[in-house]
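Sharing a structure here in structure tokens format.
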């Protein structure tokens, strides 16, 4: 018989404004232009990114909290937002050094950056809105 | 060979305005202040909560519906919204009596409240936005 | 030992404005009125639909992309939006012919329409907002 | 010397889902197609309209209210929403009979419909969102 | 000949979560219940308020700014948000003492609170969203 | 006796993603850092800008339109969006050459750019959202 164990999580949304350029230095300018189109503009362009981070667990009976949402917010500001807000993602951000900062690459690196700092198994999902229409998500496989 | 069975669901969003206070009466005032910060304000504070409820199933061939979204809305109003809208969650709400009404506790209690009134296995997810930045989710494990 | 394989996906959101009528021609007018209520209005009514399509995979190391979000957008416009935007879903849309176009039926047909045109296993989720309060979702079972 | 009299107002937002067709019966089909493009589709299309109505005045000292926002909501439902929600604006709506129901025509007719039922000078603005991108507004000249 | 002088302004949006109760102590309980309905609940209820403040002027040629939007944000936090966020508007807020804290009363008091601290004539509008559907606005008369 | 002439307008919303840097080359690096803070980051940062343009007038009796909203959209794309979307506002945009591209400067330049191409007196307002919290508006004086 299948039993359904309820799964509980909290999600915190934070924002940052950044610029980037999609460009692969190993390819020719023509290939870059063909692959990345207007996202390859040499001077870059930018977005108001929205980041949603979801952590799972059971509420502590003494606090009613899986994890303090205020602390999760502070953690995300200190670990992620301070690194990327009002920055150029290609030039200014250590954890994106050498990457092509597409939404899926950024979300994957943010996962790597924060997962190791959270208790094992806590991190369930990292979601990044580049615009309201373009979204990338990394999810823990279950 | 793995077969992928498509899974279909509908989600209804409802809203309520309520106040609450995060406070554990078994702890000292100092501990409450330290743990809950400004959420421990004795006179409480409030939110425009958004509740999203997802139920799964197959559409009835005669109606094209998993469940009538209008009926799901009515069910949620009668079962949940009428209990919490324009209320103080600590003082006025039977199904939250004795809890610390964090987003994760509220979402968990709403799950318990509505799941027993829905056909078995129908309820897939209950999601509660305390603000657009603070969200709690309870999902059926699969 | 359980291993967690990270799962990565991108989501593209597109919009269309359409009208529809919920009506089952095999039922009497009275039954239709009883079942579908104001959605059964003979002249129909309409919505600004929002469609979100999620495809999974690993980023191509040369581009940092699972799939070009601009190409995914173009694909969705050519395959779905052009068929339904500024149309009457019951009368004008080939892939909904003979259906009762509820949100769950539309989302299911859009899944069928696009899944066969994407590489196998790529499509993870199709989500349709009929309004911000009424949503239907089809997900690949995992 | 110029004196600045503060001006106070309240705004209520309501929603309705409707279909319409932009078509002028006095013009040829070719002219209609040229002028209205895909909005001329014979079977129509639809929108989730958002209507915002603003009324000005001074708060009643006994209630702190310019006008009860709940009563304003009820008034708008009874006067406007019940007439247009889940309707075809060309075929089903008395106060739009014989018009080409563009956003600017609808907003103008809604102004006429509600202004006569409000105390003189109270109505300051009626705003209609056809989509989040297409908006029409009628304002009282001051 | 009429000359049109362009008018330029900037708007900053801030948020706060608060509870309140609509109640006039000079009226009987019956009258309060009749006038304020569920907003008269003795234990109060709450909202996620959104406040938008607009100041006009000409950009300083050296900075391109009418006023630094970051400084305007800081000013609004120190002057308004710190007073009302996570508070009970009736019990905890000095500048609302003795009022019935409807949206129109709150917006009017916030105007009074901030206008005197801004250069004369700068403040053009204060707008308060109690919910996305209930809004109050105070505008400088021109 | 005061007569109130109704005023009618339509508004079109368009979007663009761009990067910029707030920097005055006539000032020292220290002064730039002090005045513009993190907006002075040498490599720039970026935003998803939202632009709303409002034009007034009376509906043409033959079309029900003040101006075709689709044509207004096309006009804004050709005149504004193509110039700024996926661009660096300081380096790539002719109509912002030599400016400090704050929201108020950009909105003012967009006004100048489009007003001369519209019939006299038509343009009523240009509004620019740098983020959902930072907004600049230029309005025709009345």
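Labels for the chains are A, B, C, D, E and F, by order of writing; each one numbers its residues from 1.
Everything below uses one rule, namely that contacts are C-beta pairs under 8 Å (C-beta built on N, C-alpha and C of every residue); 3 or more make two chains touch, one makes a residue touch a chain.
Computed from a predicted model, the values in this text were never measured in an experiment.
Identification of common neighbours of subunit B and subunit D yields C, E. Both subunit D and subunit E derive from one sequence, and where they touch, under half of the residue numbers involved are common to the two copies.
With centres taken as mean Cα positions, subunit F sits 30 Å from subunit A.
Centre-to-centre separation of subunit A and subunit D, using mean CA positions: 41 Å. The distance from the centre of subunit A to the centre of subunit E, each centre being the mean of the chain's C-alpha atoms, comes to 34 Å. For subunit A, the set of residues touching two or more other chains reads 132, 142.
Interfaces, counted as pairs of touching chains, are A-B, A-C, A-F, B-C, B-E, C-D, D-E, D-F, E-F. Remark: subunit F residues 22, 24, 26-27, 35-37, 99-105, 107-108, 111, 121, 132-142 touch subunit E in the complex. By the touch criterion stated above, subunit A contacts subunit F in their complex at residues 15, 17-20, 38-39, 41, 43-48, 85-88, 91-92, 131-132.
Note for the complex: subunit A touches subunit B at residues 4-14, 52, 54, 59, 62-66, 68-70, 73, 142.
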